[in-house]
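Take a look at the structures below.
Note that chain A is present in both complexes that follow, paired respectively with chain B and with chain C.
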Partner chain A sequence: MSEISGKVLKHDTQTRSMHWVHLIGFLILALTGIAFYWDLIGISNIFGGPANASLVHRWAGVIFTAGPTIYILLNFERFAKFIDTISHFTKDDFAWLKTMGGYIPFIKVDKAPPQDKYNAGQKILGGLIIVGCLLVILTGFPMWLWRHTLPAAFLAMCYNIHFWTAIIMILLICGHFFLAAIHPKSRIEFASMMLDGYVDAEITSHHNEKWFNALQKVE
Partner chain B sequence: MSIFTEKDGITRRQFFKGAGMLAFTAVVAGVFAKVGVDVFAASDDYIQKRAEGLYTLDEQMAIRKSHENPEILQIYKDFLSPGEIKPVSEKAHHLLHTRYGKDIPGLIEELATHHDAA
Partner chain C sequence: MSTVSTTGIITVSNECKACDHCTFICPTGAISGKLGEKHHIELKKCINCGQCLINCPFGAIEDYSMVNEVKAALADPKKFVVVQEAPAVRVALGEEFGLAPGTNVKNKMYAALRKLGFDKVYDTEFTADLTIMEEGTELIHRVFNALGVEGFENSGPLPQFTSCCPAWIKYAEDKYPHVLPHISSAKSPQQMFGPVAKTYLPEKLNINPADITVVSVMPCTAKKYECDRPEFMSSGFKDVDYVVTTRELAQMIKDAGIDFLNLSDEKADKLIGLSTGAATIFGATGGVMEAALRTAYELLSGQTLDKVDFKAVRGLAPVREATVEIPVKALGKALPVNVCIVTGLKHVDTVIEDVLAGRSNYHFIEVMNCPGGCINGGGQPIRRDTY
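Up next, the complex of A and B:
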C-alpha cells in the first residue's frame, strides 16, 4: 500500500471550461467542415442545410478563437505555466518518447521516465494543437472576410492550409480522445479535464512524478 | 483526505515563455491582418484607377454616343429606314435584335421569310 493518498487538482474550473468550449467548437467546426467539403448533405442537414452549416462553421470559428483568447487574457499565469511545460524537453522526455511511455502494447517498459504535468506525448500534442489552431484561425478569417478582394492564388493557399491542417488536427484529436477516454492506462485522468478537475494523488505520483514533487499539500 | 495543488506564482522563465508566445501570436496575426488590409486597399485602389481610366478613355473619344455616330446615321438613312433616321424601324428590329439558344431556329426562319419577301 502506497503512502501517498488523496487527490490532486490538475485542471481548475477556468481551464476545464475553456477545454469544453474549445471541444464543442472543434466538433461543430469539424462536422460542418467535413459536411461541406465532401458535400455530405446528411451532416449539413443537422445544422439546417448547407447554407446554415456554412454560417454555423464561421460563427463556431469565432467561438473557437474567442474561447482560448479570453482564457489566456484572464489566466495568463496558467497559460504561461502551460507553455513553459510543453516547451520544456529534458532527457527524461526523450527517454519517454523512445518507449512511448509504455502505451504501445509491443514495447515493454518496466518504469517510464519521470514526467512533468504533461508527458512528452502530451507536450508534442499541445504544441501541435497550438500551431494547428493558429493556422486554421489565420487562414479561416481571410477566407470569410476578404474572399472578394484577396488574390485567388492567396485564397487557394489559405484553402489548402486550412483543409490539411484541419485534417491533421482531426486525426490528432482522435488519438487524443483514444488515449484520454478509452486507453485503460490513461483514461483514469479523464475526469480531471472533463468533470471535477481532480486526479488520484498516487497515480499522479507515478505518471507525473516531477510535477507531483513540486506540488503543495493544502489540506 | 489530502488535496494537492500547484503553488501560486510563476517563475521568470514561465513568464517570458508565456509572454513570448503571446507576442509571437500577436505579431503573426498582426502581419497577416496587415497583409489582408493592404490587399483590400490595393484592390480598392485598382478599381478606382481602372474606373478613372475608362472614364478618361471615354472622354477622349471623338464619338461618344452611338446615336450621334455619322456612320450609324448613314446606315439608317440608306438601309434600315430608307430616307429617314428611325432607330426602331422594322428592318432594324429584325436585323439588329438577335436571339439566343433555343430561339435561334425561329430567328433564322424569320430572317429567311423577310429575305424572301424582300
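Up next, the complex of A and C:
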C-alpha cells in the first residue's frame, strides 16, 4: 500500500469559478453559433429566434471575454505561472507525447514519464485554447461592432477565421470533456476543477509527479 | 446568378449569413433584418443599384439575369441583335480576365461581342454624346429662362440635375417628387440608344424594326430596371430589350470558350459607334458635369475650347462644388456657373433640400448613386483582393 494519502489542492476557487464561467459561455456560444451558421432554426428558437440567438451569442461572447480577463487581472502571478508551465516542454513531455501518456488503448505504457502540474497533452490543449480564444474574440467583436464600416473582404475573413477556429475549439473541447469526464484513467480528477478543487495525493504523485515533488519540497 | 423572374432586380438569397453589412451600404435603407437573421430587401425603397450586391462579404445578394434571353436572341436567326456597351464597361471587363483595374479593353470587347454572335457592335458612347448635347442645351435654356431672356419662358427651373443615373431617378421619384421639374428631361444614354437602334438603324440598314433586339452591356444593375420601365417604348417597341452587366458579359465570354486576352483588336461598327472623349468620361463621377460644361462653354461662348479639361469638377469627395466662368456671347459678358457633383445618394438629401427650400446657388448638379460613379456600379467585377 502506498505511503501517500490525503488530498492536494490543485485548482483554487477563483480558477474553478473562471473555468465554470468560461465553460457555460462556451457552450452557449457553440450552440448559438452552430444554430445560425447552419440555419438550424430549431436551436435558434430555443433562444427566441435567429436575431435573439445572435444577441445571446454576442453577450455570451462578452462574458466569455470578461471572465478570463478579470481572472487574469486578479491572479496575474498565477496566470503567468500557468503560461510558464504550459509553454515549457521538457524531454519528459516529448516522451509522454510519444506514448500519449498511456491514454490510447493500443499503446502499452508501464510508467508514463513524470509530468508537471499539467501533462504534455494538457499543455498543448491550454495553448491551443488560449490562441483559439484570442482569435474568436479578436474576430468576433469587429464582426459585431464594426460590421457596417469594415471592408467586405476583411469582414468575410473575420467570419472564416471565427468559424474555423470555433470548429477546432469545439472538437478540442469534446476531446477535453472525454478525457476529463469519461475516460476511466483521467476522470478521477474531474472534481478538482468542477467541484472542490482537490485531487487525490496518491494519484497526483503518479500523474503529476514533478509538481507533486515540488509541492512536497515547499512543505 | 438568379434566372428566376422576381418582382425586383436585386434579391437576397438563402446564402445570407445575416452579417448586417449591407444595411449600412444601402443608400435608401431598403434592407431590413437584425444581426443574426436573414435580411430582406423592401422593393418599394430599393433603387436597384446593386451596391449591396458588390459589397456583400458572402456573395449572397443576386441580381436578376437576362442572359438566357440574350442567348436565345443570339441563337434565333430571325433576330438582328445589336449591342451597346457603356463607357465604364471597357475599363473593368479586363479585371475578369486577370488584367489590372482600369485597363481599357474596348477593342477586345468589340471582338468578343462579335464572336458571341451580335450582328452589330455599337457603343453607348455615341448616345452619351447625344445625352450631353441635350443636357447642355437644356441647361443653357434654363439659364436663359432664369435671366429673363425672351423665348425661354417654358424652360425648366434652375438648378438642373443630371438624369442618366436610373438609381438616382427612382430615388428622386420615390422620395423627392417635387424636385422632378429640376431634373433634366434628357434620357440616359442607354435609353437614347434604344430608339436610335430601332428607328434610325432599320431605315439605314433596311431591316424590319420588329426583328431588332437591342442588348446593353452596363456596369449597372439599375439599368435592368430602367430598360423595363413602361414609358421607354418610344420606338413603338421596347426600346432596350435586355441588359447584361459587365460581370455577366465576362461570364458569357468564358462560357463561349473565347480566349479574350488573345483576341485581336477590333473597332465598333460605324453609324452609331462613333463618339467623343466627353462620352468616355461619363463613367466616372464628375464626368457628365465636365462633358456638359464643355458643351455649354462652346455653345454659349461660340469659341472652341483650347483645353477641354475642367479639373475643378474631378475628384472622389462625395460632394464637390466649383464655379466656372463661361463667356456668353449673346449677353456680352461672362457668367459664373456654379456646379455641384454628388457621388453616393447618402449625400444628396441636403443638396435637394436646399434646392427645394430655395437656398441653393447651384446651376447644375450631377448626381450619381454609386460612389465614384458608374465605374463602381453594381454590375462591375467584384474584386475582393483590391482591398
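Things worth noting here:
Please note the rule applied: the second predicted complex is superposed on the first by the 215 of 219 C-alpha atoms of A that agree within 3 Å, B and C clash if a C-alpha of one lies under 4 Å from a C-alpha of the other, contacts with A are read in each partner's own complex, and residues count from 1 in each chain.
Simple rule for what comes next: a contact is a pair of C-beta atoms (placed from the backbone, for glycine too) under 8 Å apart; a residue touches a chain by one contact, two chains touch by 3 or more.
Here the structure is a predicted model, which means the values were calculated and not measured.
On the shared subunit chain A, the superposed partners chain B and chain C overlap sterically. Using the contact criterion defined above for the overlaid structures, shared-chain residue A:Lys7 touches chain B, although it does not reach chain C. By the touch criterion defined above, A:Leu27 reaches neither chain B nor chain C. In the overlay built on the shared chain, the residue A:Cys174 is in contact with neither chain B nor chain C. In the superposed pair of complexes, A:Leu134 makes contact with chain B only, with no contact to chain C. Of the two partner chains placed around the shared chain by superposition, neither chain B nor chain C is touched by A:Leu74. Using the contact criterion defined above for the overlaid structures, shared-chain residue A:Thr149 touches chain B and also reaches chain C.
Which of chain B and chain C touches more residues of chain A: that partner is B. Once the two complexes are overlaid on the shared chain, A:Asp84 sits against chain B while remaining clear of chain C. In the three-chain model built by superposing on chain A, chain B overlaps with chain C at stretch 315-323, while the rest of 171-179, 279-287 or 315-323 show no clash. Chain A uses residues 149-151, 154 to touch chain B in one structure and chain C in the other. Interface residues of chain A, counted against chain C in their complex, comprise 36-37, 39, 49-55, 57-58, 143-144, 147-156, 159. Here chain B touches chain A in the complex through residues 1-7, 9-11, 13-15, 17-19, 21-22, 25, 28-29, 32, 36, 39-40, 43-44, going by the rule given at the top. By the touch rule above, chain C contacts chain A in their complex via residues 14, 17-21, 23-24, 34-38, 55-58, 384-385, 387. Interface of chain A with chain B (complex): residues 5-9, 72, 76-77, 79-81, 83-84, 87, 130, 134, 138, 142, 145-146, 149-151, 154, 201, 204, 212, 214-219.
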